[in-house]
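Chain IDs A, B and C follow the sequence of writing; residue 1 opens each chain.
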Amino acid sequence: MTSEQIDLAPSRRKGAAGEVVLEVSNLDVTFPSGDGPVRAVRGVDYTLHRGEVLGIVGESGSGKSVTSMAVMRLLPTTAKVTGEVRFDGRNLLELSESEMTRVRGSKIAMIFQDPMTSLNPVYTVGAQIAEAVRAHHDVSKAAALDRAVQLLDKVRIPNARDRASSFPHELSGGMRQRVVIAIAMANDPDVIIADEPTTALDVTVQAQILDALKAAQQETGAAMVLITHDLGVIAGQADRVMVMYAGKPVEIGTAEDVFYTPRMPYSLGLLGSLPRMDRPSERLTPIPGSPPSVVNMPPGCPFGPRCPKHTEVCDETEPELRATTSATHLAACHHAEALVGAEAEDVFDTEVADHDALAQLAEETP
Amino acid sequence: MPETLVKSPDREFTVEERSQAQLVFRRFLQHRAAVVSLCVFVVLILLAYVGGWLWKYDAGQYTPDNSVPPSWDHPFGTDSAGRDQFAQVLRGTRISLQVSVSVAILATLVGTLWGSVAGYFGGWVDTLMMRISDLVLTLPLIAVAAMLAHNFGGSWYLIALVIAALYWAYVSRVARGVVLSLREKEFVEAAKALGASDTRIILRHLVPNALGSILVNLTILVALAILLETSLSYLGFGVTPPDTSLGLLVSEAQTALTTRPWLFYFPGLFIIIIALTINFIGDGLRDAFDPQQTKVRQ
Amino acid sequence: MLAFAVRRILYSIPVLIVASFIIFALGSASADPLAPLREKNPPAPQNVIDAETIRLHLDQPLLQRYFSWLGGIFTGDFGPSVVSTANIGADLGDRFLVTIRLIALAMVIALILAVVIGVLTAVKQYSKFDYTATFLGFLFLAMPAFWFAILLKQAGIEFNGLVGTQAIYTIGQASVPPPQGTGAYIADIIGHMILPTISLALISYAAWSRFTRASMLEVMNSDYVRLARAKGLTRRTVMVKHGLRTALIPLTTVTALDIASIIGGAVVTENVFQWKGMGDYLVNSIRMNDVYATASWLLIAATVVIAFNLIADLLYGVLDPRIRYA
């Protein structure tokens, strides 16, 4: 072993499992816009424990991606971020830019949605992985490239040595996402944030990428935040699940809690719109309407207008997260108790088609 | 259970829906430099066409005041023959605007037609037509324009014709690019799949979407044409007396820079104001039609 | 890559030939080389006009004239000038060297300025610096080239008056006769080049810096720059290695496309500073209806433009691995 060899084994195991590694509290993100401030994230709290996978679910615009970009401090400077992101005893939001640079990639790594655009088209994939290694390790280019080849091998890219000298456009989407995963693994991080890692990929490739992610997480021993709009992706992967709606967490609990005893109509609705192999005869139950605009939000529960359980109290006060089935299963709904034993089809109408839209379409078509 | 579903769309969407034209207009108003430029440009047009007519001196009129510096009587001074420079500049502005706007409209019409036909048909038609455009673009415009204008030019509309005969090639490239990219767009394919006719696709989908680029390009052409006309006049191949243009006024005044600087500065200033405001208006239009270009990713 | 280069060069040849025909036909159709003789007062005698007609091949049909002109070029003969003692090829050769040094230096300066200002304004988007630079850029875009050049010339004259010696030359491309000694000669050339170079450079700079800014902004908002930041690279590294490296690729094409208008700008600049370069030659040739001279000038300009585009295409291939020369 030369002095330049990079320690590959996850030897410096990062404390005991169960220990809190990342703690987000009271996170608020506001963007200025022509129509007034956009409150993209409104008071997000979560803790991430060593070795666990936290799934964050929500529709587009629910603030789930903005939350993680805020944790990485990669939002444009126009964004106003308040709250606290505790990592390793420090509040990341208070670090200087150069201190934060040392955290990014080495302690917290990130995987983005679109592998087609995530890699720089003018550099080889090997160089782009090696660059991540050299950002945090003082090693020669050759040693970093060796490490890159090892990483490519770990994410199961065949002929890793040859592939390292390929340019991104020469690889398929799935292969590119593996490269991005390899970049995330490069410095043996404590936390990996995967933002919709499978959304842009073919269904057939999605499972492979999820496997690669799992392998990466086990290899590095990192905790993972898995962001997606697809409950199916979460199902086999996450230990705990956080459901977000209109910039706020509306339900948090173990995967079992959320999947089997949801206490928020929105979570129930999401589950209802997911096809299930174990009960093939069931009808899907779509959630009517669309998410609210986060500009000038009216008071009351943001899900109220779409909620079949909606009552007067929902228009007046926005429900806070509170304990339901257990102290660790929280939901933000005035009527959480009314959902005991309910199935999606009991609450949502199975045949809510958008009649207005269909009528308009029929009219416009010559 | 659908009866219990309370629909209150006003609570769902607090941002009201706007039409494309309203959006474009609103975004244009947000571009302050463009709005100011538009006002200045309108004032300039009024000044040139109405002001010149109201002003006490005619452009060709010889007053008894020779070579006087700017004063209340002659805001831009007079030349050595006693002609009022303010009246001259207004007349030059009229001609320069006529030249550049004619060039912009002519070149846009020809170029858009040429480029869209090439882009729409594709294949060898496209190759042939674009090779011809490329050929025009390999020649320094001012050299060819000077050569043509020397023997055909002199009056403002001939100069406009000569310049337009070269600038259409630029427009054709832009128009072809727009048509090519629009042809690939999903909404055009969707309209086709729904059975919409070619006419409907062109009128409802292609034209409104290409309008932005065409308008922006039109403004760029106005600015380019006014500068090219100016350079041509300076080299002696542009508008010739008895016609006049801002370019001709400046080039006539270049030897007077030290003795009668007002003759040199005022027409030059007017050229800059026209080209500058037109460019800012174009910039505002671009932002208004294509907000994606300037939007910061969130 | 080599095959692509060879094919690309071979492809340029027919383009150049078609361009040369259009140039020649346009020139011949738009000007009558004998007009000055006919309009002379008193008119030139008929036998002089007849002799000129034969000397200038005007008795031959257009196609024949064109082919003998084109054929002659390969032997260095660019056709007969209306000035019977002039040699178009030799004159153009001398003047080409004068003009090309102006254009080359102006382009280099414009590119450096454009990249530096373009990147700074993109990085400091919406800052005071950005607004100032953007406004100045717009101002240069709106300024007639010669108007600015004349002002510069005036400023140069006043500067010389201020320092009490001829530090900057405002007329001509070199002193006649040239000063003795290599050092003095070079200083003389530089002294003559300063003002024309500045005025030509600033005009191209404006458009290029706007382009660099837009290109840089697009790249800096791209997903791969976001990933590069997420890797833990410093802002500076991301900006140079990922931002600039990628943003500059399309600038090669833009620069090459602009070469025609830079040559046009040089024509005007040379006239203001009274350089005996290509620009001055063109203006005189057009005035004298010297068809062969004008056509030869345009052919050289077109060759330069085509060559630049060829180089840009090849460079693009080197800089951007996505371009495949299959």
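Following the convention adopted for this analysis, a residue touches a chain if its C-beta (ideal position, glycine included) is under 8 Å from a C-beta of that chain, and two chains touch if they have at least 3 such contacts.
Not measured: the values here are computed from a predicted model.
Per-pair counts of C-beta contacts peak for the chains B-C. Distance from subunit B peaks, on a Cα-centroid basis, for A.
Once CA atoms are averaged chain by chain and compared with the all-protein CA average, the nearest chain turns out to be B.
Centre-to-centre spacing of subunit A and subunit B amounts to 48 Å, using the average Cα coordinate of each chain. Note on chain placement: the centre of subunit A and the centre of subunit C lie 54 Å apart, centres being C-alpha means. Taking the mean of the C-alpha atoms as each chain's centre, subunit B and subunit C sit 24 Å apart. For subunit B, residues that reach two or more other chains under the stated contact definition are 296-297.
Contact residues of subunit C toward subunit A in the complex are 222-235, 237, 241-242, 245-246, 249, 319-322. Within the complex, the subunit C residues that touch subunit B are 15, 18-19, 22-23, 26-27, 30-32, 138-139, 141-147, 150, 154, 214, 221, 257, 260-261, 263-264, 267-268, 271, 282-283, 286-287, 289, 294, 297-298, 301-302, 305-306, 309. Those residues of subunit A lying in contact with subunit C across their complex are 72, 74, 97-98, 101-106, 109-110, 112, 114, 117-122, 131-132, 135-136, 167, 169, 180, 183, 186-187. If you check the complex, the residues on subunit B that touch subunit C are 131, 134-135, 137-144, 146-148, 150-152, 223, 227, 230-231, 234-237, 247, 250-251, 254, 257-258, 264, 268, 271-272, 274-276, 279-280, 283, 293, 296-297.
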